[in-house]
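Here it is, the structure, as structure tokens.
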Amino acid sequence: MNGVSILSVGIDIGTSTTSMVLSRIQMRNTASGFSVPQVCIVGSEIIYKSEIYTTPLVDGILIDTEKIRAILEKEYDKAGITPSMIQTGAVIITGESARKQNASLVTQTLSSFAGDFVVATAGPDLESVIAAKGAGAQQYSKEHSCVVANLDIGGGTTNIAVFHCGELCAKGCWDIGGRLVQVDRQKKVTYLSPRLPAIMKAAGVSLELGRTADWQELDRLCRVMAQVLEDTLKFTASKLCEEMRTAGSSRLTLSRPVEYITFSGGVADCVYSPQEDWFRFGDIGPILAHSIRESSLMRDYQVIPPKETIRATVVGAGSYTTSVSGSTITYTDESVFPVKNLPAFLLGRETEHQCLTGNDRNLREETEWFLEQNDCDNLLFCIQDIDSLSYRQLNLLADALCHTADSALGKEQTVMVLCRGDFAKALGQAMQRRLLDRKLVCIDSISVQFGDYIDIGRPLMNGMAVPVVVKTLLYG
Amino acid sequence: MRLKTLLAGQVYEFHSIKEVLAKANEQKSGDVLAGLAAASDSERIAAKEVLSNLLLSDLRNNPAVPYEEDDVTRIIQDGVNERIYDKIKNWTVSDLREWLMDYATTEEDIRRVSQGLTAEMIAAVAKLMSNLDLVYAANKIRIHTHCNTTMGKRGTLSTRLQPNHTTDNVEGITASLFEGLSYGVGDAVIGLNPVNDTAASAAEILKRFDEVKNKWQIPTQICVLAHITTQMEALRQGAPTDMIFQSIAGSQKGNEAFGFTTETMKQAQEMLRKNGTGTGPNVMYFETGQGSELSSGANFGYDQVVMEARCYGYAKHFSPFMVNTVVGFIGPEYLYDSKQVIRAGLEDHFMGKLTGIPMGCDCCYTNHMMADQNDIENLTVLLASAGCTYVIGVPASDDIMLNYQTNSYHDASAVREILGLRPIREFEEWLEKLGIMENGKLTSLAGDASLFTQRKGGLG
Amino acid sequence: MTDQKLIELVTQAVLAQLAGQPPAAPAQQPSAEETEPLADITDKAHKMAINIEHPVNRDALEQMKTKTPARIGVGKAGPRLKTATMLTLRADHAIARDAVFRDVDEQVLSDLNLFSVQTLCTERNEHLTRPDLGRQFSPETINQLKSKCESAPTVQIYVCDGLSSQAVDANARDVLPALMDGLKGYGIQTGTPFFVKFGRVPAMDVISEALGAQVTCVLIGERPGLATADSMSAYIAYKAAVGMPEARRTVVSNIHKGGIPAVEAGAHIATVIKTMLERKASGVDLQM
């Protein structure tokens, strides 16, 4: 068998809109017959795009889980699929943090509804990366060897990710969006974001709920917002930039100047094709787009069209969140998959190298501490520094991991190991000899960072590899 | 037919034309391995002497493999113009050699007589020629072929751009491709040896080659050198290809070991005529190399020069756009050192040209041979002097996928400059337009692959 | 300069000349820089450098270099290679040739507790030019194998120099025990491993027949390329027999630090052998 495709779903529940896409991710063994197999993702194709729905809310704040579920049921039906057909994917709840209070509940509900598929929820940084990939910024930077920044401007936030030659070099999120102020047909203010006062102050404007806003006021407000984005990209991080940065987001630090910009998100459409009717959407989106068009962003950078605008995040979630492990791996029992929300425990450089010399004291202590801190029963041992091992080192590492697993984990827990270097099969075999009947999963060629959570799907292509989603959890 | 001679008072007697042919060969480790080589230098010269007195009809009447058993023999024998053959059949091999050297013998004369020759005659005369003879005679002959451009005109030396990659990574291949183009390499063909012999992989690479060719409007040919059946499958699935490639051997059994038949070849040609992206009429690309028949046990007791000549007779039937010997690839058990490789390269090129095919050469060596970069540079200059149609170019001589060394992207332009040669005219004009070449020399802009990443002409 | 000093210098020079030595140059301490060796032209950093002075897009070139191990972005001197590119190429070739022409380190064999046998080839050059001899053993050697090795093993593994002794030195100590452990973990019995000098791949067919192994696996040095002289392959066959089609061999190639790491290769080969025993087939008959 030379190739497979897996069905992936992306679901984006944003501040203002909710949508879904289905994509087919193609995987192929790209190695020749004479080498060790190497399963790679060779392409993805979007096969269904849902309508774009207004995100259903309860009391104007919390996400209405039941209504979301109904939307998805309807869309699955229209697409002619059932949840059991879906093999991977991601749900992303984006936008203003207030809406995320019930994120955990939403994802749990969707997870049970959707059956098997992997459910993830992103933090602001990951959202930025996913939207930029969906917009095609990464691909453009790779194909043209240049620096591209994608600004995904939605209702509540602007997610920025910068790629240089296909590699992520900066990411962050700001509470700048088209629905921070909402108005009705008579321009009466119906909603003001709790994040707005700082902007109002900088703009010298004071809006009040129920009062009619005039165009000039809103324009001044939006110019300030555009200014925040300009300053952010130029790293002249003003106090206001700092203030408007979304909680949990990175600062944008860049080692080289941005050359190209793509805009995605709902407001992007108005940037690329200006709206005649300022209040068509009952918010400041079109005015914000106008301010951006007037700003130096359009002059100082080359602005290029994205592959997706409003759907960038959902396409990113559907097509770019799944990766694939190395193709020489070990697992003792297929029934342990899928594994969800496994916290990544990074051993760290020092501990890893101690293990190679036969010293596992730190590993054991840190493992116990990690389990306690995270209040969890199991974890994923992540070995990220070691590139390659000699036979002797392999056995010492296997000893250390097995002793630790025996002392720190419950007997019924599967021992889970992830390495960056290509040695999971050897390490897995060495551990299996020591662990005997205990369940074991050992995969490789995946990079993870502190604070990541990992989902691992069912084995692909005769068990050669497994699909992996590396994510950050918002709640927990 | 006399198979016996005196040499310095000693009698040398041979039992068959086969034995004479084999022992008349310059020393090759492959003939030693096959147990066919002359036991001494004296015996070798005695065999050459006997061979020089054989008639061309003796050779016609004794093909290496019987007519009834072998379609390579049938194709060669049936392709002989009998009227021309009748005029030369009583020439000795020595007569043929001296006729080729004669001032009065023109290119047109050779082209005509070529129609009356068989592979065994061509191999025989090569065995009587010194290295300079091989260069001198081959230089009289140019073979023109046309796919998208016309190759082989006097005054040109073309190059195959060979952007091979260890894993067929398309971006990696493209990087090597851009590098090669920036050195003015690739007027013969942009041709990749794939790692993965699958239609999907070949199609993916061909698609990229086609995109680059069209985007930059490069007047050249493209090809992925997978197995012939793989290329046909890719073509069936809609992949753009100008040519179809196959490695060929000098016997039907050898070709079967390569996994194809004459019927396969005809089908491939027909498919290209209908669905290929090349204009034609010449749309096939073949590679050969001394020793391949022995390695598949398909040499029928014949030496590697005779078997090689038979490849060319077979190739000619399909009017290929290009043919080259991969002369030093097979290893020291067939061609031991640089002396043998250089000799084989000159023989192969001469025999190909005399057969009437557009002969090029992959001047190469492996790391377990007694040869190095200096030796193949020697061979390249010799072959270019002999009017070789094309040579290969890879980044800094190192083919990372085939694990051998051949000419660098840098070599052709130096050789062209020394000998007053040029690329194919349309290709040179294209290079001039891009500012890579000026008055036949590389410019200071040349050698910068990032020329091809500029947005104006870039991909996407 | 005083006369006194001049006389001293002249005297010194004359004396030195009488002793057959050139006059001593004024003593000068070599600078710290001069005592340091020049940078290694075969290392990765050197090969990753872009040697073009004003490229249109340096980022693009750097990016391209990450996509292929080919020697691109090397620049030129007139139409020719720059000196550094040329010398690196020659250095890599020299290393590759040295890997072919030298013997396996005895220490490696003794560390692995391998005894040695030799094919019919008597020396390296014969090994290179007579592949037919590199697949045969004398009757005495066959007897020696039979007496020293366990007979009719489930899996017979041996190590062979092939075309790169260096590949054996670099990988055998990691591949062989990882492979043996892997098989042991699967409960598969292995025979007595040994080393074959001047061997070609088909020698495994003779060994398979002599010892009556179900699966035979040779860990053999590959013909060196310029990228690495360390690359090893495993050729594995189910019931290998003299004269069997080449297509019955399963190959795992590219075992070295930059390819598939040795321990991982050993683990992978163990799985391949396990499948081979289950399916009683190898090569094209065993679609993995």
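Chains: A, B and C, in written order; residue numbering restarts at 1 for each.
Here is the rule we use: a contact is a pair of C-beta atoms (placed from the backbone, for glycine too) under 8 Å apart; a residue touches a chain by one contact, two chains touch by 3 or more.
This is a predicted model, so every value here is computed, not measured.
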| item | value |
| --- | --- |
| Pair of chains joined by more contacts [C-beta pairs], A-C or A-B | A-C |
| Remotest chain, chain C as reference, centres from CA atoms | A |
| CA centroid of chain B to CA centroid of chain C, Å | 32 |
| Length of the line joining the C-alpha centres of chain A and chain B, rounded to whole Å | 54 |
| Rounded Å distance, chain A centre to chain C centre (Cα mean) | 43 |
| Contacts with two or more other chains, residues of chain B listed in rising order | 450, 453 |
| Residue numbers of chain C (touch at least two other chains) | 57, 60 |
| For chain A, residues that touch 2 or more chains besides their own | 33, 144-145 |
| Complex contact set, residues of chain A against chain B | 2-3, 28, 30-33, 38, 139-140, 143-145 |
| Chain A contact footprint on chain C (complex, rising order) | 57, 59-60, 62-63, 173-174, 177-178, 181-182, 184-185, 233, 251-254, 257, 259-268, 270-271, 288 |
| Chain B residues touching chain C - in the complex, by the definition given at the top | 29, 32-33, 163-166, 169, 171-176, 178-179, 183, 331-333, 336, 366-368, 372-373, 394-398, 400, 403-405, 408, 410, 413-414, 417, 441-442, 446-451, 453-454 |
| Chain A residues touching chain C - in the complex, by the definition given at the top | 33-37, 142, 144-146, 164-166, 328, 330, 388-391, 394, 421-426, 428-430, 432-433, 462 |
| Footprint of chain B on chain C - complex, ascending | 52, 55-58, 60-61, 64-65, 67-76, 78-81, 85, 89-90, 92-93, 96-97, 100, 128-132, 163, 223-227, 229 |
